[in-house]
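Got a structure for you, written out below as structure tokens; questions coming shortly.
Labels for the chains are A, B, C, D and E, by order of writing; each one numbers its residues from 1.
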């Protein structure tokens, strides 16, 4: 019986990380209508950044976080000017195609450098054991960090001038320009922020699970599901969407063959989309 | 004088599709596909053209949804994969002849698409694109668990099944010709839809769905019909293709990469045109194939392919044919 | 006229292959209210867009405060105090009233005096103060227009351009808004008004331009123009 | 400005012509997965094969009568996807004039490639496809060098039964053709051995978090685990089983523990067993070719890393072909095929013999797999052969110590 | 005169705002009924209710004796009601001829594409677009787009045209041309319900005029009667009294 409770807890813990992974994607989507297909690669970039940093410096993995935020931000800015800037205002398909192309390049480079073999960043933190079930310390810390980062993002978007400017640009780009917001700079900043979030989520995932150059695909797909559950363009909702997804996975497992979970997951995904296109936790948007 | 002008103008319009040059250009292209590999019995060329034909089929049909109706079907590979599964299963278990099995696959997938279409096509834009991804992934997950189709292990076909088609060597030729035929049908379907009333309605939907409805276009019905119609030939192609592979497994049959590639191809060639997706498919397949087997680029084939695509997206936003049309408007009347 | 704040010289503009404005010249004097009237589609909104920089002019110049600002992007013009309250309000619907006002004060010139301007706007429109935490999408049409003007004022404008303020509003609200504009005029604010409610607009204005077919048809004092039959014809078709 | 670039690319694409094989050269064609998820295994396979080729050529080539044939490889990237495999193998046969083929890595790609080798009657030695079904379809030109899927965890079942005849086993494995085939056989073997199967489930290959699955394993009361699939999932399973303190006494995982990088999992790797086609510590007495230690030494010198079983099977594939050609005294396909059919030999890789009945033609029937376990040795994690006992290089660790 | 379109007690609210308030009127066969009123009076909303873009909250719409209340737009088009939009909505990438062909194909008569092309050609010629048939609609100027709106509606072979400010934004020459076109449409026996700000045009074209204010009918009658109604003048030009107050205060 406690197994179910354990699965719920596990679902919430890992779901928070899923939510964080989706946050960057939904931020970019919401602000500039760009479906960023480099998202998976950015997550992988975060994983490998952690690997390289801890390998080279021997630092605690969590000490690498600031460097990964800065690095992810820089990479995001670069990608924005390479592939996204010219697509703003063009049909949504075009940005999808340009990010698809860049993703090919990134995956190709990653494969050339690291192969598609296994990488692992050993992190050990004391876990929490309840009855026979143990919740690893890395998972708890990752969930806490995901929550904190989501909170920071929320505070940034709703509490700071620049954050509000991002929301204003997302809400009405033309009007934002009219009140004096330099929209292009804000867009590039938002894209870079989304990229940094993706990298950080990759870094946190790398503290939980071994990974390969191709791990990004699975998280990108999950991020789409999370976005739908959490509401489009709503980064705060993504955390709830992620937890909802984690709960679906956690709760379904004890009751059915594991292999059917994906069927449930995507069935739910399509059903939610058709019934409530804005997402379950959708905030009011125009 | 005005009336006279009317009559001459009307006469200037081609009487039927047969009077348009492009109809015959398509025929020529098909003929080239049929004849080229037979010169010197070039099976290598045949294999390359076969993949090109598959891409052309996928892209041409996808183009009806993207280029005409303006709906980005991200999971179009689900048609191809399901058609493949149905055909392989029908050939392998009840022992249907290939042609019957492939056709049956097409019909079933088309019917399923109609049902799904009515539900999913309520969504627009990115929501629709996401839903099609969900449908593809959901179907893949289901097939993984569906033991009559071998679940995740997939289904194997004995090469002895090639015997009715004249043994393995002849069979591959036969399948190639069948696929070229499906390719031809796809091109003509795409063309036929474009010049038909149905296609006009789809184009109107693609331009402005609300205005189209006000003009009398039954938008929901047309969208669902288009979704269903464009499932038919890819499903048949999937059947032929996986019969030829003699093996089908979910991770190949429902690989989203293919869908994304198909979209890229449509954009590359020029959405909404008939020649665009075909030329885009040919170009893309030959480019990837060449990079894969090139001594210089094979290790960076993904990087080079991605970089080239990006350059095209950045500088030829309307695609190859679209850009050509914009530069030489008269070309529209010949290459449509 | 003394002390010209905005000098638009032979402005031409359009969209794609279509030219909408030809050779439009107009001047706005400091501390005055200037009105631009004309039929639907005559090119008023296009003129404003070209002045503000949402579309780039094809010919001519926009001189503001003595400097040529023709090629500056819209956000840079706000930084200089050239502010547009656009037609249709164009608010940030998913944000609160207060956040909308805060965005109005995004420019550096305005951010410094944020609190001061906020008090001023709330004094002018007490309704907005009551609803400061409300999402702007939930406001009524009149309140939204107040917010749009309030947001414009938050930018600390030298010149406030207001496009079709009374569109779709009940007369009593229109009255309120015009009273507010009158207060602003009394405070010395320079205003360029595009308005279909000719009576009210002319009552407030010091000078008026009539635009027809993308060209300046005539100009003069409102009192003089109102009595001329060709104005009634060009604008109202009466 | 842009069009000329495109045109140049098109022209260059057309200009890549074929060049025919030398008369004193044997051309062998294969595809490898230079990109995509199968890249690691495929790379090992190819490096092993490359080493064989270099060995042969350094020794003057394959001796056929008084002629010596140099070996040339043509390899293409199949991207780990089935879509291009047939095109590429056709090209290998037709354009590159490959006389013999090596199979691609993975069961699925092998099945697809087999259609082409059958079509052209080209002999194909497969060292990367364990799924037996492909050899039960009546294929005539296919020869499987490695032990089929049924053998992967056979040693694990035997060893577990020997240490705990009443073990409660959870079978949890990836939804892919290879893993499913292995575990289907394992399930039968376990039942026959009298072990209790308390859980038998597959998971989607894209699964990222095994937390709930492991909770289910714990709830099932299992004390032993067998399953996994490929790299990420296998390694993730091992790590999460450890971190979630499942405290199982026995863990067998497919494929992932065969990679030396598995050691980076640290304590989570300790005691994990895996079925292996070959381990460096094996010491068969080969009838020809290098001995195990020789192979390991030279491989290390060449590639600066330890060979895994993929590398060994890649080398063995070449060795078997070479032996068959030498036995046949000809490069004629039919004669070489006859030599392969008649073959029953011992190599550094172990014994090799192919089934010759029409229903299972080409299936490997002699090669034995071993069970390898990650053990602590002088404070370092190393992989040791622990089963069967006569091949063991270390004592089996049972149960895995609790932590 | 027989009634073609009968509006009875029609009502529609948007979030508390009554856009159309218990409105009733009739359009007769072969008449041009002018609809005037200030911006925001609910004129375009009324059109959207008639042609099915919105469903009314209350009341009914009958066309040719058939209740069409709440039918979807494409069905309304089939019944024989066509519309020209105030904000032109050309199918931009399609040519002028194709735009008209859409109207003809899916209009009241079920034409094949080929027949529709002929009808479209005829309609395009009727509004004077025959020299621009192969041009993408996006490339037309505003006058051309307005004509295209009209041609598309005409090609649908409707019995009733809803014209929403088709004269707005045109210069006097273009206005005159359009007025001629509209007259000739009526001569074909087609009824027209037109929203227009250009009083001169409304006055000269309309058989009758209805004035709408805040979703309600303010006045109805012959053009001359309505034009001199002080209520109408106030609603249309704004309140002169208000202006006086504003002045007086300064």
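Basically, contacts are C-beta pairs under 8 Å (C-beta built on N, C-alpha and C of every residue); 3 or more make two chains touch, one makes a residue touch a chain.
A quick note: this is a predicted structure, and the numbers were derived from the prediction, not measured.
> Hey, how far apart are chain B and chain D in touch steps, shortest way?
1
> Chains in contact with chain A and with chain B: which ones?
D
> Going by the touch criterion at the top, tell me which pair is linked by more C-beta contacts: A-C or A-D.
A-D
> Hey, which chain ends up farthest from chain A, C-alpha centres compared?
Ranked by distance of C-alpha centres from chain A, the top chain is E.
> Let me have the rounded angstrom distance from the C-alpha centre of chain B over to the C-alpha centre of chain C, please.
Chain centroid spacing, chain B to chain C, equals 52 Å.
> Between chain C and chain E, what is the separation of their C-alpha centroids in Å?
For chain C versus chain E, the centre distance works out to 30 Å.
> Could you tell me the distance, in whole angstrom, between the mean C-alpha positions of chain A and chain D?
Centre-to-centre distance between chain A and chain D: 35 Å.
> Per the centroid of Cα atoms for each chain, what is the distance between chain A and chain E, given in Å?
Measuring from centre to centre gives 50 Å for this pair.
> Out of chain A, which residues touch more than one other chain, so two or more?
107-108, 111, 221, 257, 259, 262 - these are the residues of chain A that touch more than one other chain.
> Which residues of chain C are in contact with two or more other chains?
Residues: none.
> Could you check chain B for residues that touch two or more other chains and list them?
Within chain B, the residues that touch at least two other chains are 141, 144-145, 152, 299, 301-302.
> Which bits of chain E are touching chain B when the two form their complex?
It comes out as residues 51, 53, 72-74, 77-78, 82-83, 85, 89, 91-94, 98, 101-103, 105-107, 112-113, 116-118, 121-122, 125, 130, 133, 152, 156.
> Which stretch or stretches of chain B touch chain A in the complex?
Chain B reaches chain A through residues 66, 72, 119-120, 122-123, 125-127, 129-131, 133-135, 137-138, 140-142, 144-145, 152, 256, 260, 263-264, 267, 271, 299-307, 309-310, 313-314, 317.
> Touching residues of chain B toward chain D in the complex: what are they?
42-44, 46-48, 50-51, 141, 144-145, 151-154, 156-160, 168-169, 172, 244-247, 249-252, 255, 257-258, 283, 286-287, 289-290, 292-294, 298-299, 301-302, 308, 311, 315-316
> Using the touch definition from the top, list the residues of chain D that touch chain A in their complex.
Where chain D meets chain A, its residues are 34-40, 43, 172, 175, 201-204, 206-209, 211-213, 215-216, 218-219, 231-232, 235-236, 239-240, 243-245, 256, 259, 261-262, 264-266.
> Any idea which chain C residues touch chain A in the complex?
52, 54, 73-76, 78-79, 83-84, 86, 90-95, 99, 102-104, 106-107, 110-111, 135, 137, 151, 155
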